[in-house]
Structure formats: structure tokens, C-alpha cells
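Each chain carries a letter (A, B and C) given by its place in the written order, and its residues are counted from 1.
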């Protein structure tokens, strides 16, 4: 039983990070009906930027702010230059374009930051906390990760429910035509959505980097997990992304703990396939994934 | 309230069909019969559930209760792509043509249920696949000729005027040689002159084929139909010959506010 | 007037003629070029084989798939496992032959394609893309999970049985080792007999890693690991990689292998040239698959796929099962991918998770989008592009003296940007733009008259 609890605790941090990345995918899907497969590429890029800032200034906080800003800027750039000009009925085109961006970003990162995998300095103590006579598999850093995730979720919830900007975002996502008629500047709102998603993804990136390493491709598996989570949660549900994200983190931790970490991606894939067979529209959504 | 008509020889019947979509009762215990060899109309104000009736018949919408009878046989769930095998063909609202294919190719797709050769024979380009396609091509050209649009055969739909596109869509439905033809607003977006031609065309198919027609254009409906069913808010409110329906106060009431639109 | 092309069997004959002319021409070219070029030809043909399936899946049936690299892995592993473990055909008891392995690889692809297609046919665009992305990552992960079967991260070494037919391998081939290679664990496999400078025969080793770049030959010495540009995973770097050049000549080979190409093509000054044999194998496979693809695309099935892509509802009321059509596209494309994977395994004499990773899947998508996703010619252009563009970039980089990190990543940067540009400006890809261009020119000249 104690091992079970250990695995659960150990999965919380990674679950929070997966949830954040899934949240970024959901934010963009809600606003533009595009799954941004370049999201992890953007996060990887901004994490490299954060690493440079950290090396230069020595401050993790400045690096975090830098990543947030860079994420927003990159999100806006991708939306403006790539996704907006894609023809509306060309869904294949939009998907392919996001992969084009992913490939280009990974190559660009490889050019700018050579040397393959790099370690990201630990901003906080990442060894297990000693409490009640034993070492628990959860660290100060895990608490920071979970705390930042909770703060972001709280902030987003407030944004969507309490502010007029959040309301216009929901209106624009729900029905752009009607929103336009009622005076919402839809394109501006959508761009804001991309910026927001870019920042959220950037946070996921800077949080995951210290516990893994960072290289142009190191987040690829995170993309698979995040997509799985976003789909199972129902692509347009923030709550779905968060809860399924944390749940998936636990599953990965349990699978890795009881069997082998190599099984985790396979289990995630099985979960995804199962979900797509049984309830493709996701658990938290009424929206249809199947076509007629 | 339910209407019992002296339906002789109904080829298509829907019986006690109810459909609820996202909380809304679209069809409420609807029963409609289409007698063999007639042109039967299905009318009603916007949102009455006419197209949903078509969608139930063609299997796009599953009814919560009730069933469908084709030629006296009760049908379980109908898959849309099995419709032509049962001798039923349908047109779609608008045109619904494949934009990247020529008119002839569009019509040839309509004959899919006749194709027997499988993917292995096709991947080896076996001679009999050519025979099959040649036959289909000839049939398609014949139907295009019947509808006087043979010269449009090699044009893309986008290059053709709208009324011609509608005819190509008709040809695509006709090429499977259906017993029953479901026409979803065949007169939508075409001119008065074209409509009278269309009326003639529809009458020329009966009694060999049976036609069920959803249409807003009242003159056309009154001109071509032998029997008319009137739906309002998911219920059958009247049925009868064009004259009977025209005089029915319930029908008038239902259309009030719509003001005889179109 | 009787249209000759409409006569029964005319399509078969004309397609056969087209494919035969291309096959003969490529075989002829293969005969006259140096071994490195033959090696590139083999890779391009292998890519084209897989991308014929991408044209059908992505272009005609409208399903964006990132999983075709993983489907190639299915073909590669089935080929490797059957040819390593089976001496006779099960049940029938006939003598084993690589052709059998190819056929079994194809069946493996069909089986997996059926499963993925069944799940995928019910899904809309982004859902399908995500599912296949998961497959692209997941299938190689399965290979790593069961090292006793699939050789784990290091993969499986293959002894490619090339036609001996009395031609001895060239002297440059690495020293012949005592043990036949099949089933020799990797650690014991003869490694590194040939120094890298002995290229081109070593290029197989180097080329195995890099998916998008076809071959990292020019940079192999400076950075052995630079190969995997798109791959997250680590292909065993050059030091640890088994050297393919250590092909023993006395491997027990089935004696009844027909040389796929005429013996002459395999000879350079009377010696066997491995790359020429690889190219003839890949070109022949590409032509057979190309023939099937041509029949399907330029026939009823192509129309059916396009119909479902254009309008599922209209296709359904016309009597086509949209799900059936999408599944058939998946099955066909995974069959093609599996055959390509089996060819790839033979070219690099190796199967491993690194060689069939996400990078390979992405490169197939890149190739077919750039070449033109709507027609088979696009796949051929894509195949050439995937091999030629990195070389071009490397040449430019070499002339300018760019540092290795820039050089290694430049092809992918170009690919990524080109993909975005093609989607935005010329969705038809290179081939589509050429067609549009000629059509416009023709229209202009007509109106000028």
C-alpha cells in the first residue's frame, strides 16, 4: 500500500505538467478548432530561451517570465503567419501546417542551441521530502509545479467566468458569427487565445525541463501524452484536460512503478485507442468527434 | 392525432417514428405512407421535421421509436450506403456534388451499388473491372442524355450553372435505377421556367418509380403531387390530395406567419 | 468512335507499359551510375513506395496520417523476424526465400492497417492525426519493450541475401567474419571492420539513422549522432552501430534466388556492387507497388476515395460506405508502407526503433505534401526530394563552411518552412503547381490565338 501511495504521489508532478500541455491544446482548439501539433515545439523553443535567460541572469524567476512572454509571442506568430492564412475548409492543410511548424522549430532550435540534450538547472530542491520518519517521493519542486498549475487553472477560470475578455473568448469560440454581430472583435480574441495557449505551453515546458532534459525532440512524447489527455477529456473542456491530465500522470507513474517505464507510452496509446473506439468525443464534452 | 389514409400498396412507410435530438422533439410519433407509383409530397413550415423524415429513411438519423417498412418489409437499422441496394435513392438539399469530379464521374459514383469487383481486382486492373465501368459509364451517359445535359458530362460541377448542377445531382440519384426517389427540395434556387420543366420531368417518372418530395415551392408541390402529407412541429397535421390540403384550415394555420413563403 | 483506352484490359496494359518503361529506364540508369548514387536511388525508390500509400491515404482519402513510418516498421520487423527465424514456409514446408518475407511483411501491414483503419475511419481530421501520432511513437516503443523478440533499442541485424550468382563481393567489403550473421547477438556481431572513410560502402550504416536526410554521409565523420534529425529516439550512433559492410560472403543463402535485376546491372568491373543490387530491389518493389497504385488511383477506387473525401454524406447516399472506403485506404497504404519497410530493412540490413521512429513518419508526410499529395507523381517527386534536398543543403553548407549544428538541421528547417509554404500557397505541392502552371500557359496560348 505504501508503494502505491508513493507511486501516486510521484505521479502528481508529471500529471500537472501533462495537464498544462493538454490545457494549451484545448485553449487553441476552443478558439480556432485546430489541434496545434506544434505546441510542444513552441514549448521546447521557449524553454531553450528560458535556459539562455537563466544562464545569463542566474534567476529562475526571470527565466519563467521570459518563457511566458516568449510563449505568447511565438503563439501569436504561429497563428498570424501560419494558421490564419490556411483556407478554412482545408482541415488537412491546417494539421499538416502545424507539423511543418513543429519540424521547423525543432530544426531551428538544433541550430541555435547545439549540443543535443542539455540539463536545465534545478530551481528548487527536487529530492524527496523527509517527513514522519521516511522520505516521500514528492519534492519541494513537485509542490511548486502543482502550485503553479493550480494558480494557472484558477486564473484561467477567473478569466473565463469573471472578465469580459473571457466572455468574448467563450462567445467567439461558441459561435464566431453571432459574436461578431454582438460586437466582439473575433480575430483579436482568437489571437489572444493563441498567445494564452503559447504561455501555458511555455510554463509546461519550463516546468518539465528540470526533471528531464531539454533537446529539440525531448518533448515529442509529451505531445502524445497531452494529445491523449486533451482528447479523452473532450477537446474543448478545460476541466477535462486538467483532471484527465493529472489522472494520466498517476497512471504513467503506476505503470512505470509496477512494471517498467517503457510501458508508459504503450499504455497511453491503448488508453487513447480505447477512448476513441468507445467515446471519441471525450468524457467531458458533448461535442462530436465522429462524422455522420 | 393520426391520419389513416386508404393507402393502397404503400411501397414506403414510416410507422410511429419519434426522434429527439439534443433535447428537442423533432418528430413525434409520425406515420407516413408513400403509395407505389405516386408522387407524394411532404410539406410543412421551416423546422417541421421534413428533412429529418428523410434522414430517418436514409439512416442518417436513428429513430428513438418506430420503424420503417420498405415494400411491406420491416427494416431494422438502415445504413445510408445500403439505401440504393434497397431501391431507394436520395438527393440532398442544395446540390451535394463532388467538386473535384466531372459531372459524368459524379453520376458514375451514384451507380456504386452495381459494382461487384473488389479492391484486389481493381488494384490489378482486371479486364472485367473495365467492362463493369464501361457499362456504368454508358448508363450514366444515358441518364445525362435523358435529362438533356449530356454536354455537361466532362465539366466540373463548379463550371456549370446552378440548374444544371441540380440536374447532375438528379442524374446521380437516377443512375441506380431506384424504385423510390427521395427528392430534397429539387426546386430550390432554380427559376420558374426550369421549375415547370422539372414538374414535367417528375411526372414522367411515375408510375415506374415512386417519388417522395420535400419542397417549399407550393406551386410545384400542388402541380405534381398525388398525395401530400403536412408536418408541423414534428407532427402530421394533415394529409390528402392537393385540393384537400389546400382547403384544410389546420394547414393554413400552420403556414400563417410563414405567409406562404416561397 | 471506339476509344481504345476503354477496351477491357487496356488500362492494365497501358499501366503495365508505363511502369515497365520507368522500371527499365531506372535499371539502365542504375547500371551506369556510381554506387553512392545507386544507394540514393534505392532510398528514393523506397520512400516513393511508402508515399504511394500516403497519396492514397492523405491525398485521395483525406486522412492525415503520421503513422505510416510505424507501419513501415511493421513491414521491416516482419521481414527481419521471418527471414531470421524461418527456414521453411510454415505448413507448406517450402524452402525459405526473401520474397516470402516480403509477402508476409505485406500481410502484416494489411492486418495492422485494418485495425488502425477501423478505429480511424470513424474519426475526424485532428483526432486521426493524433491517434496516428500515438502509433508512430507507440509501435517503436513496443519494439523496445520486448528486446528478446525485437532486439530492443539496438534492433535486429539482418543478413541480406543478395544474389551470389558467381559474383564475389568487391574487395572493399569488410573482412569476412567467421560467423554467419543471422541470429548473432548484436554485441558479438562484427563491428567496425571498415573505417568510415571507406565510404560509400559504409553509408548504409550512417544513413540508417537519419530519416529525413536520407543519408548523413557527408557529416558522418564530424558528428556520428547527427543522423537522427527528426527522431526523438537515439539510433545507435556510428560507433556502436553494426557495420553493414561486414557482409560475409559465405552466408548460407537460399540458392534459388533469382537475381532481381539482370546480372550485368550488378557488376562493376566484374564485381558485385551491393548498392546496385539494393537499388534494383527497391526500384522493382516501387514499380510493382506503383503499378497497383496506378490501377487503383486511375480507376473506380480512386473515384470512391475522392468522393468520400469531398462529401461523406453524398457518397453514402450514392451507395458507398464512407467507413469502408476510409478503411480500404488505410489498408492499401499500410500494405504499401509495409513493403517499403521490408525494402528499407534490406537496404540498411537492419531494423530498429530508431530507424522507424516518428521522424520517418514525419518525413513521409513532408515528402508527399511537398511533392504533391493528390497524385502518384507527387510521391515520386517527394521521394527524390527527401534524398536530394539534404544533399543539396549539405553541399551548400560544405562550400560555405557552416558549423555542423547548422548543417545538420538545415534540411529539416527547409522542410518545415516548405511544408508551411506549400500548404498556404500551393496545396497541390510541386506537381500540382507544375500542372496548374502548364494549364495556365496552355489557356494563355489558346486565348492568344
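The working rule: a contact is a pair of C-beta atoms (placed from the backbone, for glycine too) under 8 Å apart; a residue touches a chain by one contact, two chains touch by 3 or more.
Computed from a predicted structure; not experimentally measured.
If each chain is reduced to the average of its C-alpha atoms, the one that sits nearest the average of all protein C-alpha atoms is C. Using CA-based centroids throughout, the chain positioned farthest away from chain A is B.
With centres set at the average Cα position, the gap from chain A to chain C is 33 Å.
Each chain gets a centre from the mean of its Cα atoms; for chain B and chain C, those two points are 47 Å apart.
Shown for chain A are the residues that touch two or more other chains, namely 292. Residue positions 313, 316, 322 of chain C are each in touch with at least two other chains. Contact of a single residue of chain B with at least two other chains is seen at positions 60. Chain C makes touch with chain A in their complex at residues 58, 62, 64, 66, 119, 122-127, 129-131, 133-135, 137-138, 141-142, 144-145, 225, 229-232, 312-313, 316, 322, 358, 362, 365-366, 369, 403-406, 408-413, 415-420, 423-424, 427. Residues of chain A touching chain C in their complex: 29, 34-35, 37, 82, 85-87, 90-97, 99-108, 110-111, 114-116, 216-218, 220-221, 223-224, 227-228, 231, 235, 260, 262-263, 265-266, 268-269, 272-273, 276-277, 280, 289-292. Against chain C, the residues of chain B that register as touching in their complex are 58, 60, 79-85, 89-90, 92, 96-101, 105, 108-113, 115, 117, 119, 122-134, 137, 172-173, 176.
Chain C makes touch with chain B in their complex at residues 6-12, 15, 292, 295-296, 299-301, 303-304, 306-307, 310-311, 313-322, 324, 328, 332.
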